[in-house]
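A, B and C are the chain letters, set down in written order, and residue numbers restart from 1 in every chain.
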Amino acid sequence: MLLEVRDLHVEFHTRDGVAHAVNGVDYGVEAGETLAVLGESGSGKSVTAQAIMGILDMPPGRITAGEVLFKGQDLLKLKEKDRRRIRGAELAMIFQDALSALNPVLTVGDQLGEMFTVHRGMSRRDARARAVELMDRVRIPGAKERAGQYPHQFSGGMRQRIMIAMAMALEPALIIADEPTTALDVTVQAQVMDLLAELQREYRMGLVLITHDLGVVADVADRIAVMYAGRIVESAPVHDLYKAPAHPYTRGLLNSVPRLDRKGRELDAIKGLPPSLLHIPSGCPFHPRCPMVQDVCRTDVPPLYDVTESDADRGSACHFWRECLRG
Amino acid sequence: MGRYVIRRLLQMIPVFIGATLLIFLMVNVMGDPVAGLCGERQCDPATAAQLKREFGLDKPVWRQYLTYMGNVFTGDFGTAFNGQKVTELMGTAFPVTIRLTVVAIVLEIVLGIALGVLTGLRRGRPVDTGVLLLTLVVISVPTFVTGLLLQLLLGVEWGWIKPSVSAYATVDELIVPGLVLASVSLAYVTRLTRTSLAENRRADYVRTAIAKGLPRRRVVVRHLLRNSLIPVVTFIGTDVGALMGGAIVTERIFNIHGVGYQLYQGILRQNTQTVVGFVTVLVLVFLAANLLVDLLYAVLDPRIRYA
Amino acid sequence: MPEQPYEPERAVAGTGMGGQMDLAASEATTVEEAPGGPSGGPSGGPEGTGPREKARSLWSDAWHDLRRNPVFLGSALVILFLVVIAVRPSLIASGNPLQCDLARAQDGSRSGHPFGFDGQGCDVYTRTVHGARTSVTVGVLATLGVALLGSVLGGLAGFFGGVWDAVLSRITDIFFAIPVVLGGLVLLSVVTSNTVWPVIGFMVLLGWPQISRIARGSVITAKQHDYVQAARALGASDARLLLRHIAPNAVAPVIVVATIALGTYISLEATLSYLGVGLKPPTVSWGIDISAASPYIRNAPHALLWPSGALAITVLAFIMLGDAVRDALDPKLR
């Protein structure tokens, strides 16, 4: 396993109390594999990613338990100095909004080149040459000239390509992409996603793709982990999950996407709102919104059951996953 | 960039005309311009009328303004009460005040930014709270009180400095007066730097810089500070005018014979030519400083440059 | 004295504060309790925001904070005390501030005269207490004038834009180009009246552009809010838009800056009096007393220190009050 998150717990101390953002997340990614982490905002998917990268704001954030094993080494136990060497070089991240994620007052060439001067000790001239190569690699036209430009002079799609180039710069083993296409126009989304997938295959990187967009997931992901209220509620290979979800929340997500083959039928939105992280419901956190709710759901927290009906490695945190699978 | 500079220059013209006209009106409408010309005595009506004709003061104010500005641009600022050319007065006064202001600005930049960074990166720690309280005290106590107290303590009681500055006004003599002049602005710069750092500390691009695996020092200096100092630079630039104006108080406390002293004398003796002349130059200095800030701003923030 | 009394950029930056109007009610509260808020990225939205019933309005939220803020309570208490003694100084100082005895000039404190005597032999305690009235009057009236003039001019310019806005912006630039103390010297040196009005008038004349800039900025920000656009689309008149929808949202930064400016006006009055162009005796004011005490600061520092202390505490109280209000209104900095 390239990356393995085990029983991760993260909380935030706010004025109104302790927010439990991540409550025992487990997931793993192999080299060359794409794991999609799916969930609404507030489900803890971004916080988990930040905990893995070590860029969580602490305080107010606090990692209270768990391990983040990267190539077998627990990142959470490393000294900051050693973690810094891994960050960017072996473990990189792509952010959602490239305009705010890139430094507005430095040229993109400088920001790309910085990876090489800092991690590889290259001269500024060599670093600049590498930066231009990278921009070429992510297919930015006129890379040589544009390396001297500032982020605000690029279009949204081009900026996200620069973010990708920056993450790719040192050919890391794993990239975490946090909603990489959400801020983009629909037409550009596909191009950027294809580029990311292409580079991932080429370099055999692990990719954690954080998204709330089911459409993006189907094409590129190998596995899906669905998060709700800071927990993994379902984890499965992408096709199994699409064919037959084993958790009512996943089913709700799938049913809320318009599909051509169900034209004319009403969409089933999941009723209610995601829970407040300050007051997570007892038992199964999804029970107030669940159409299949039973008494046991209100009292007992469901573990991630091994879903054995298919051959693949698959789990669901629903007491009634069998009923759910049967539809 | 070139067009940006030209646009800023053009925008300065109405401001310059407006500000000087305003001062011209204040002095001419409110005061009696010939009152100071007859020494201590009241001018008798005939002499007054004669003098007014002589100086063209019987013409409408806008004519007077035009004539005056015309003269100014040929380097003629008129004559002071004692028959000295106003330009001569300026020649002795401005170097002193410029030295004082430069000392003040250097202190403001060095101390203000250093303290701001110190507190901004250690928010909530004792050093932060301490410096923050100190800045509040400095802002609350009027500059002239700070000045008088420092003069009393350092100059009279402890004898570290001479209580009043010599006619040469050398830089080392001007350090304490410069500190007094800069004190309030210094406190603002500290607070502004601190707030700006705090706002930018959580910015996405800082997070990116950390995610890139950059050393903390580099994240702070190259990414965080570079962005956070933009508003600070703006403040310091616009503050130049305020410092020059504030120099009147400081120069009075430490008996420095600079611009403030000359202006003060000019106003006491109702000498229009001196007052308008000096204020005109001060406004010019202020505008030049603002232009400099705009240029610096464009250098620091490419979003402005290419707007 | 700096021309812009207080961190102008911050005040302007604070103009984006959400609205307390019904439509925007939830927006105001979201930022603070977002564990993943800053981390989740802009459109990821604040993660973990509670259900809707928790939404509080901007002002009630600010008030909720302020009531628990010792800085706010302390400075409010000081200001309350000042106002009381400004209205009825005889409550704590029964003497006559103008009754002086040259024989006691520069004497130190003694029973019944805790602060000692000044150079004219006047009781420093009585004069310091009575000086509060002048300082508070000047500060309050100048601030009211500046705030009214500035927000009306700036607000209208921001709302209507176009030529008026351009003209007003240039006029503000002109006023900013004249250092305050300098303008005070020139304008006030010819005034012979010994009332507080010329000083107040001068402060309003040179002070309004500062507020006008802020009011203009916050009106422009408020104008762009969706619900204002919606109200406009529904056919609300300009007057109704301005008064009902924009003003309530734009007023917060003006209040903050005006509160802080109040402190600096009090300080400015003292500075002008020190330069001999501010208030004039027999008006009793801290500025006049400090100025009068400065020549013999060596022999009788107490005559300078007590009114200075009173002045500093007053200015400090207003600045800290403004600071606390701003922090409460601007959840971004938490």
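Keep this in mind: a residue touches a chain if its C-beta (ideal position, glycine included) is under 8 Å from a C-beta of that chain, and two chains touch if they have at least 3 such contacts.
In this text, all values refer to a predicted model and were calculated from it rather than measured experimentally.
With centres defined by CA atoms alone, the chain at the far end from subunit C is A. Of all chain pairs, the one linked by the largest number of contacting C-beta pairs is B-C. Here the chain at the heart of the structure, going by C-alpha means, is C. Centroid to centroid, with C-alpha atoms defining each point, subunit B and subunit C lie 22 Å apart.
Our note on geometry: subunit A versus subunit B, Cα centroid distance of 53 Å, whole angstroms. Subunit A and subunit C have CA centres that are 48 Å apart.
Shown for subunit C are the residues in touch with two or more other chains, namely 38-39, 41.
In subunit B, the residues that reach two or more other chains under the touch definition are 202, 204, 207. Shared contact sites, meaning residues of subunit A that touch two or more other chains, fall at 57, 95, 97, 100. Remark: subunit A residues 53, 55, 57, 84-89, 92-93, 95, 97, 100-107, 114-115, 118-119, 150, 152-153, 166 touch subunit B in the complex. Note for the complex: subunit C touches subunit B at residues 1-4, 6-10, 13, 38-39, 41, 170-171, 173-183, 185-187, 189-191, 263, 267, 270-271, 274-275, 277, 290, 294, 297-298, 301, 304, 308, 311-313, 315-316, 319-320, 332-333.
Touching subunit A in their complex are the following residues of subunit B: 202-205, 207-215, 218, 222-223, 226-227, 230, 300-303, 306. Residues of subunit B that touch subunit C in their complex: 11, 14-16, 18-19, 22-23, 26-27, 30-31, 136-137, 139-145, 148, 152, 156, 184-185, 188, 191-192, 195-196, 198-199, 202, 204, 207, 231, 234-235, 238-239, 241-242, 244-246, 248-249, 252, 263-264, 267-268, 270, 275, 279, 282-283, 286-287.
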